[in-house]
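Here the structure is laid out as structure tokens; the discussion comes afterwards.
The letters A, B, C and D name the chains in turn, as written, and every chain counts its residues from 1.
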Amino acid sequence: MTYTLKIKDKVFSIEVDREKEQTFVKINDKEIPVEFEKIDDNLYSIILEGKSLTIGVLKDGKKLQVFMDGDLFIIEAISERDQRKSSQVLSGVQEIKSPMPSRVVKILKDVGDEVTADEGVAVVEAMKMESELKSPIEGKVTEVLVNEGDAVEAETTLLIVSSED
Amino acid sequence: MTYTLKIKDKVFSIEVDREKEQTFVKINDKEIPVEFEKIDDNLYSIILEGKSLTIGVLKDGKKLQVFMDGDLFIIEAISERDQRKSSQVLSGVQEIKSPMPSRVVKILKDVGDEVTADEGVAVVEAMKMESELKSPIEGKVTEVLVNEGDAVEAETTLLIVSSED
Amino acid sequence: MFKKILIANRGEIAVRIIRACKELGAVTIAVYSDADRRSLHVALADEAYHIGPPAPAESYLVIDKIIDVAKKSGAEAIHPGFGFLSENEEFAKRCEKEGIVFIGPSAEAIRLMGDKITARKIAQKSKVPLVPGSDGAVTDVEASGVADKIGYPVMIKASAGGGGKGMRLVRDKEEFESSLRMAKSEARSSFGDDSVFVERFVEQPRHVEIQIIADTHGNTLHLFERECSIQRRHQKVIEEAPSSAISAKTRKKMGEVAVRIAKAVNYSGAGTVEFIMDQKENFYFLEMNTRVQVEHPVTEMITGFDIVKWMVRIADGEKLPFKQKDLEINGWAVECRVYAEDPETNFMPSPGLLQYVKAPSGPGIRDDSSIYSGCEITSYYDPMLSKLVVWADSREAAIDKMASALREYVVLGVKTNIGFLIRVMNNEEFRQGKLDTGFIERHPELLTPGEVDIEPALIAAALAVDDVEETTETEKAPQSNWKLLARKASLSGGSLI
Amino acid sequence: MFKKILIANRGEIAVRIIRACKELGAVTIAVYSDADRRSLHVALADEAYHIGPPAPAESYLVIDKIIDVAKKSGAEAIHPGFGFLSENEEFAKRCEKEGIVFIGPSAEAIRLMGDKITARKIAQKSKVPLVPGSDGAVTDVEASGVADKIGYPVMIKASAGGGGKGMRLVRDKEEFESSLRMAKSEARSSFGDDSVFVERFVEQPRHVEIQIIADTHGNTLHLFERECSIQRRHQKVIEEAPSSAISAKTRKKMGEVAVRIAKAVNYSGAGTVEFIMDQKENFYFLEMNTRVQVEHPVTEMITGFDIVKWMVRIADGEKLPFKQKDLEINGWAVECRVYAEDPETNFMPSPGLLQYVKAPSGPGIRDDSSIYSGCEITSYYDPMLSKLVVWADSREAAIDKMASALREYVVLGVKTNIGFLIRVMNNEEFRQGKLDTGFIERHPELLTPGEVDIEPALIAAALAVDDVEETTETEKAPQSNWKLLARKASLSGGSLI
């Protein structure tokens, strides 16, 4: 079975072959014998040619959280259709939401302002810390739904950014 | 709902009432308000009139393993039919089995020997330790199926004791 | 000893205090908000009482509710931990009024040190060094003279200032006049007030603090220093004891200064005197925290002194059984605060369900935490997951141990700073002890995994996805390893019990 | 330092050694049998190699297999841990032959101390006290004289004896003749040989041992004593350091004696000299263990000395950086061995699946273990689950801490001795330090829970059964809390990551 995995912007193709007595994994054109055991529901012990690795894995909807040496990697297992889509530039209408219950400290853009991808559009404060929320796409701010100083719940839409004119 | 619980030889009747806003438990003629939460699959946090208790519970077939303050209690939830049965003296034909892979050190009884309940019938050795296996019933040894010095697997029948003449 | 002690806190510090009180033979009483019913401090305490909704202002901060539980449960004393009511003068007073012992200093000491201006005055009177400066606004004529006196580099700051406006760093005398002009003009336009003051600029400042312990019989001792320079957002992330930057002479002097200020307010219990220190070991008083500190474990590790237990004993009237000269530093301790936060997005908190936790253990490792697989990190409280503390015989060995221990940590469900902490442990500058409060800003490369070999992560992901596919293919319901094993057990060894 | 080290062991000691080697910067190599693929030592090591079926004789004890992995992986040194090949002279020799460093003493030292008669002779030559006796069989005429010389009470033992047959305890001279007659007659009828020997009877014996550490540069030091008198089946269950029974004078003497015997065999690395001690502090040599001991952590806790790391360093040629006079005892440490066994049925092993484990943690607590929820305790190996070790500033505080920590332990799936250990911690005789090897036999009441309030256990059971009934009634499939929470998370906070 071949899987297409996406990590940040990079896409990898990995083949898992369990047909033989020994499981093989093919990645980056290398075929590696792999010996693995689930230690518990979320912990894999993997032995790759003698090297012992212990990796945490959690299925989180369509995504996988993979924990290795202190870092959490979000890996998406994507179908062919998803793959085509991801090669296009992200566009459309995006809602900028508060990630958690917080207070709106600053609205950085007004309706009509142009924003680039990854540009900050609002600052919220939660747990005594300020965080900047960024626009995932290039476009124009079409709506501002909250005021500075507002207390908002998680998943409240603060602004809307649209790439369509 | 009322449950009949058996711990060693003692039988208790416990009523759990979840109808009201507050769950109540009735035990030994006392009705106690109980506030409980499962902390994870196997750990219950129970607050009984302020007292906080943390108790491990594992369902093991018909039995429950309950871990409290270092001790593991085996509690059986029994139906009415089971209850009647347990009031009778244990009898019938009992197979004395090795609890784990071990070596038979000594057979203490021959065929035809009389044994009392809880009397030792064989000694086995495993993990460098000897343990005596006891007859659960009063009766006569009807068969000896192994020899001293034999290596046996777990659940191997070593002797058979019968209470029937 | 108190028979019953109420712990007016939550999270790992509540757990820490409950354990200490239990070891002292006291019955422990926990309080909890709606968000904390499943928290470890509730499970560990002997008694637990609900005190309201998740918001601290409606539960952990409500004096009446805490006092109410104390009375209802018969608590003789209250340990406030840190945060919440720990530095609340009113709460300390109220306890006194109700005849309940507040485990901490007097309400008066809390008041004096709680007000920054009063604290500065007391420090000055006690001959405790403060950052040299003009002590208020200066005229143009005075300014240059003050700068000469305190020595360059200096900082010109707008009196009405804030947010970096109207501030000028002046490295030598030649620049002073022009810098003063610009600062004043900026101050005028920004705040409508051009008055400025002049202060010594502390370059590459370190945060060093002294642990104080004082009984009610006049014994005021210090337990040496902690180095807490690794900070993000002015919040400590990594602490150690001792500090690699101070000489025995400075340590002695700093300790004496700290004891002096504690004595000036008749301090009792545990407290911390914080200093800012330059790279030449000049140090200046910042503030005194009148409670147990988050990072107290590193001091405990190098002294063998249980700070929390002694807070309780001191509140109970016990006398410290030793003198300053009996105390010595043994080995080295490092603490890392493990947070549910994302270093890649400016350490933004990452609350959520900790679906899986595997904590490190072994010799020299202390994990002060209250997390477990299945617990929830809500956005109501601090997103600290654990204080991982290690002890070894040298700084180098302690850092190696910390790196190893962090690598054993596994947390799934939220983002954490564990990878970042590992990278700090392996950073050459950190290992050489070249620390200052700008360390994290200076090392943005530590915030991301960088060029790691992600092949193993991808292989693990592929195997995990394949596991599910396999199961589906063979038309079986997804079954966890655990369940398979459980079934296996009930077939064989299960009959043993 | 060695770049690669193979750990020829399993379980908690393999985990302990792997952690130490990693902290020293070495790449760690684990070996595992079929039964250990899911063991923690495999997961923690940098490399892992399969060495055969579960039975030790076919895996961990096969010298060729271990050497093979060492060569294949490029290991420069092998740490044998305890048990298995740790005291195998042939293995040490083979390592030497293959050019691999054996982390332990010389093959010669292993040989000398491995043979009990040779060890006794060496002890005698080194003026190490042995239990006074007739030194072999005696005639009727000699016997009484020997008894007079060594002093009453004495033990008359059949030379060919065993299992208590032909043994007589004689408390005073008057009884000697008749006891001798009976012992000989019993010996003759039991073994067909009536020769007997006479030995001092050590009443209420304690087991006290000295930790030795010696480098290859002639420095042989001791790290004080461990008290290991709490035993069942001649196996230690609870150990502590220091011993509450010995004076500073005896400690010094015992240490010197132990160093003497170690020097007599040119010992290097870590080793333990075991003594039997009566209640008047008279002590006699038992044997020397030429390896790291299960209970080494208590010594580490009171000295701050990492025994396992130093074993590696010494094997690498490093010199001990201090002298005997630099060492001192700091505080008190207690270790409890947590076993999968049933105290109620004579401590019978209880192998099986550990379906749930929750270990204690916090200040002063060290849990050396290799267990986790879902791991299996097979009957192939020792049923030890964990070594729970605590440190505190006094014996009383350490015992209180241990009792608290044990109460935090939760293990489901197998029977354990945790409840028994808690009861020992609360036993007045134990707390007073009145220990001897007969302690457990003398206190059968500690084996069972006794008259505890089981109401909470019954309530928990009823609630658990009711939980299932509830779910069934509402026609839902049984769903774990975890899953419910996971779903909740994916609905709310899940998008954060």
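What we mean here is this: a residue touches a chain if its C-beta (ideal position, glycine included) is under 8 Å from a C-beta of that chain, and two chains touch if they have at least 3 such contacts.
Keep in mind the model is a prediction, meaning the values are calculated, not measured.
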Chain labels contacting chain A and also chain B: C, D
Contact-richer chain pair [B-C vs A-C]: A-C
Distance from the mean Cα position of chain D to that of chain A, given in whole angstrom: 49
Chain B-chain D separation of Cα centroids, rounded to whole Å: 31
Chain C: positions in contact with at least two other chains: 44, 351, 355, 358, 372-374, 413, 415, 481-482, 492-494, 496-497
Interface hub residues of chain A, defined as touching at least two other chains: 40-41, 43, 54, 65, 72, 99-100, 154
Chain A contact footprint on chain D (complex, rising order): 30, 37-38, 42-49, 72-73, 372-375, 490, 492-497
Contact set on chain C toward chain D in their complex: 15-16, 19-20, 22-25, 44, 297, 300, 304-306, 330-331, 350-353, 355, 358-359, 361-369, 372-374, 376, 392-393, 397, 400-401, 404, 408, 413-415, 481-482, 485-486, 488-489, 492-494, 496-497
Contacting residues of chain D [partner chain B, same complex]: 233, 345-349, 351, 355-356, 358, 379-383, 406-407, 409-413, 415-416, 418-422, 449, 452, 454-470, 480-482
Residues of chain B that touch chain D when the two form their complex: 1, 3, 5, 7, 12, 14, 16, 18, 25, 27-28, 32, 34, 36, 38, 40-44, 46, 48, 53-59, 64-73, 75, 77, 99-102, 126-127, 129, 131-132, 154
Interfacial residue positions of chain A with respect to chain D in the complex: 37, 39-41, 43, 45, 47, 50-52, 54, 60-61, 65, 72, 74, 99-100, 154-155
